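Okay, got some structures for you below.
In what follows, chain A forms one complex with chain B and a second complex with chain C.
And now, the complex of A and B:
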């Protein structure tokens, strides 16, 4: 029996009838997910969904080598035996299920709230001993960053354990989307994580289109891909600047900040918003790129490439910077695989994963982008990867803009059909964004599940700090630059 | 008597100018305009006009810290040759200088520990650990200069007639003192005065809980300490400038040191914290070699 025989197969960005998805007893659901994961499939989402007569479970797994997604439902249940001991990827998903539904999770190794457990109420892992001390940071930080609580167990300057407690940004995004689609929904999707407005809006709109059985216009798809790559460029260069700033290399931080502005200004020229809000809409893109603008963009991209190479040269050729980046915050390949890391963090640890290549959707079906990976798993790898990916994105953008498909930027997108289930994966700049939508009999969302790449990757920050120095934490954290809002939803 | 007043004027008025120049230099490297050179003065005036908030967990030590720290630095400043040779110089005042700076640090560290926060404890531990590496280089440099000049006071050693055969030794001492200056005044590559990341700070994290006039005292005191170290460097090199004694050359020298610090901060990243002792041991070695050169 093949490890995926229980599951319903679908393609990224596709939709199926709800009735076509197998519903199995919870023990069999558990065994099937475990068997598929043992066979090398990756857990994209595991969540509780309301069904008639209670709450059932849903899993979405990805076969990255073949480009298929697999999904399976469980019968309504009140109890679920944890997978986390055998499948660490499931750890946070199960805590989320236990916290947000009436399903009780048993035998979980560290069952505590994901978003609802604030530090004064939560239990933290503690070391004891005369020379061990505990350092608690946040949720209010000295800089202007998002709120999160970090609890370190230290021996002198060495970190033995880090536990991260988030949830301060919980806004109930999934609950806001359920019952949709309405005019508000796309704005909610754009605000899931402020720096990934295009990525999340793209996943949301693709789901809406596939639920309706419609397609976006080809030119619209191309414009969306352009915006997604511009978002990647602006965030990657912004992060390189922030990492330079964290090691005190201030001039380069300022140069990268200026370069980031160039990409944001291009998004601004395209859609009137520096973060690409308002561009991606069901059926395509709300704004079009004129020929004059395309020529202007090509010139600006060429200049940006020259600047990027020059500024990155300053950063990566400075011995003092490399002294800080090398071998700091290492995440091994095995750890990355066990934790189910996605996107940039996974590729920096040597995993060959990229939704744009493995599960191509939208314009990535027509135009390919080479995947870059680095094996060292340290801060250097995550910094260098940002530089290399930016160069690939520039190549992609220059070719794309020089040869945009003709036609309208936006096609009509009718209302979703009832009783359907859609999954969309988008490679946002941090990694895989997963949106899973399900419509009820009235054609409205019965449930809408969002998995931001940060949700997969936060545990990696804790693992990267093990045995490291506490003074390297800000740099290490910045090298991942995960979203608090995207995790907290 | 005029020498005393001139030095006192330099000691009390000039210090905030140095961080202003450093910030301006760094801004120029980053392609920015940067805040005005006089901004540190405005900040001090603003802070002096504020009230202070004290945590209920702190004791009298917390309030005493900034005042004691500033007082010790001012006293130390009276011993250092600034525009003129110090009027209060006496043989062996270098030892008192080192211990007054030590007292100033003790006051800051004790106040930080008094706040009871885990960050400030970490900052205090780092500050004390690193300064114990910085102190030997000062002592060794003083020993080498004492032999090279035959003077036993700071004014005699810094700015006195250095034996002409001491060229290589002087280079080593200037290098060693510049390293110690960067470490003692929490500059890059040892500490980053501009960072907001509480887990990586050394000096800044110790003063997180101070505000208002207390913070003004701390900022004023640390800029004064920077001036003292810079003045030692400038005085060391003054004999090589013809007709050097006086405000013009001294001020230019101080400004040059500030620019040099700004250039160092713009051209390299901060060291990893465990590498800082190695940096300071290099300073100790340089000073030790300078001593050896005087023994031949």
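And now, the complex of A and C:
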């Protein structure tokens, strides 16, 4: 029997009738997910969904080599035996199920709140022994950043264990979307994680389109892809600057900081907002790029490329920077695979994953972008990957803007059809954004599930710190730069 | 070393002329909305119905009122209105001292005024701020961080972000104040020595923004701490934040001066 025979097959950005998705008993659901994962499929989402007569489970797995998604439902249940011991990438999903539904999760190795309980009340792993000490940081940190709590078990300077407790940013995003679509939903989607407004809006709007059986206009798709790459460029260059600052290389930090602003200002020129809010809308893009703007953008991108190469040159040729970046915060390829890491963090640990190539949707079906990966899994890999990916995004954008498809920027998008199920993956700058939407008989969202790439990747920050020095924590954390708000929803 | 100096030369001088230079904001930038003071001829409520945050109300005499504190600066109402009652200007100045000053109904903008003389003497030339993110999506933090870069260079105005509330004269709050951050926000406020000020940055901190009414959040900073300056926007442009802070310190004199803008 094929490992995916129980599942319903989907393409990224597609929708199916709810009735077409198999519903199996919970033990069979469990065995099927495990079998598919053993065969090399990756867990994109595992969550509880309201069904008639209680709460059922839903899983979405990805076959990255073949470009298929697989989904399966369980019958309503009150209990679920944890997969986490066999499938570590399920551990956070199961903790989420336990706290947000009436399904009790048994045999979980470390069952505690993800975001619903008061984070301060959580239990932490503790080490004891001579000269072992504990360092607690947060929720409020020293810089202008989001809140989260970090608990280190240290021996001298060496970190033995780091436990990260989030949940402070929980705003109830999924609950606000359920019952939609309404006039507020797309704005909530843009506010899931502020530096990924384009990425999340894109996943949300693609789902609305596929639920309605509509398509975005081709030019709209191209403009969305342009915005997504501009978002990637702004965040990648901003992070390179922040990492330069964390190792004390201030001129480079300042140059990168300014360069990041150039990309944000291009988004503002396009749609009036530096983070691309208001651009991605169902059916396409709400703003078009005029010919004069396209010429201006080409010139700005060429200047940005010159600046990026010059500034990155300074960073990566400096021996004292490499001394801090090399072999710091290593996440092995095996760990990355076990934890189900996605995006930049996965590619820096040698995993060959990228939604833009593996599950192309929107304009990425027509114009491809080469995937970069590095094997060393350290801070250097995550920094260098940002530089290389920025160059690829510049190539992509320069070609795209010089040759935009004609036609309208936005097509009509009717209301969603009832009784449908849609999945959309988007390769945001951090990695895979996964939105799963389901409509009830009235055509409204019965459930709306969001998985930000940070949800997959936060455990990697803890693993990167093991055996490292506590003084390297800011640099390690910045090398991932994960979203607290995207995780907490 | 030679390469560092060469790059420094190539990068040039990047600090903006604010507050004296011209606006470098692009044509599509959406600044302060302008609401017509005449009664709405169309007589519909399309603008109010289109607004994602219920920022628009229509009075009995058909005059439109827009709450800048709830506004996400999207284009829904402008597109919906058949009568052109609402339009965006390029004016980046939005901050106000009182929540009620953010309700626009055709009259002139009621921009923030300076702190009282005594507080201004204390903070006017040196203001240390502690930022607390209480459920923000990180968009407002991004724009606050940008104030420290070479373009906006906040420290030339004597304003700095510090690591501890114990070192701070004021708190900058972002986010709608989630239930899980409420106690920490209160603790940070209490930890600051008096006199102290609070600045709410962004639609979430002013009114709850897109999360208004969520059972997990408290509709803004003033649910938990007293606020001295409201800076609307989603997120506010760095110049909008800078303008608000400098007005509070009495560093920008005339609220009517239209040229206090730059890129």
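Everything that follows uses one rule, which is that the second predicted complex is superposed on the first by the 485 of 489 C-alpha atoms of A that agree within 3 Å, B and C clash if a C-alpha of one lies under 4 Å from a C-alpha of the other, contacts with A are read in each partner's own complex, and residues count from 1 in each chain.
As a convention for this text, contacts are C-beta pairs under 8 Å (C-beta built on N, C-alpha and C of every residue); 3 or more make two chains touch, one makes a residue touch a chain.
Keep in mind the model is a prediction, meaning the values are calculated, not measured.
With both structures placed on the common chain, the touch criterion links A:258 to chain B and to chain C. Contacts of A:143 after superposition: both chain B and chain C are touched. When the two structures are aligned on the shared chain, A:371 is found in touch with neither chain B nor chain C. Chain A is touched at more residues by one of its partners, and among chain B and chain C that partner is C. Contact with chain B, but none with chain C, is seen for A:135 once the two complexes are overlaid on the shared chain. With both structures placed on the common chain, the touch criterion links A:167 to chain C but leaves chain B unconnected. In the superposition on chain A, contact of A:214 is made with neither chain B nor chain C.
In the superposition on chain A, contact is made by A:473 with chain B only, not with chain C. By the document's definition of touching, of the two partners only chain B reaches A:248; chain C does not. Of the two partner chains, chain C is the only one that A:274 touches; chain B does not reach it.
Touched by chain B in one complex and by chain C in the other are residues 142-143, 251, 254-255, 258 of chain A. Note for the complex: chain B touches chain A at residues 26, 29-32, 118-119, 121-122, 188-189, 192, 194-200, 208, 265-266, 268-275. Across the interface of their complex, chain A is touched by residues 3-4, 7-8, 10-11, 14, 25-30, 49-53, 72-76, 88, 131-146, 149-151, 161, 163-164, 175-176, 178-181, 183-184, 188, 204, 209-211, 214-217, 234-235, 237 of chain C. Across the interface of their complex, chain C is touched by residues 115, 118-120, 139-140, 142-147, 167-172, 175-176, 183-184, 186-188, 190-195, 197, 251, 254-255, 257-258, 261, 265, 268-275, 277-278, 286-287, 307, 310-311, 313-314, 317, 483-485 of chain A. Within the complex formed with chain B, the residues of chain A that make contact are 133-137, 141-143, 157, 244, 246-251, 253-255, 258, 318, 320-321, 323-324, 328, 469-475.
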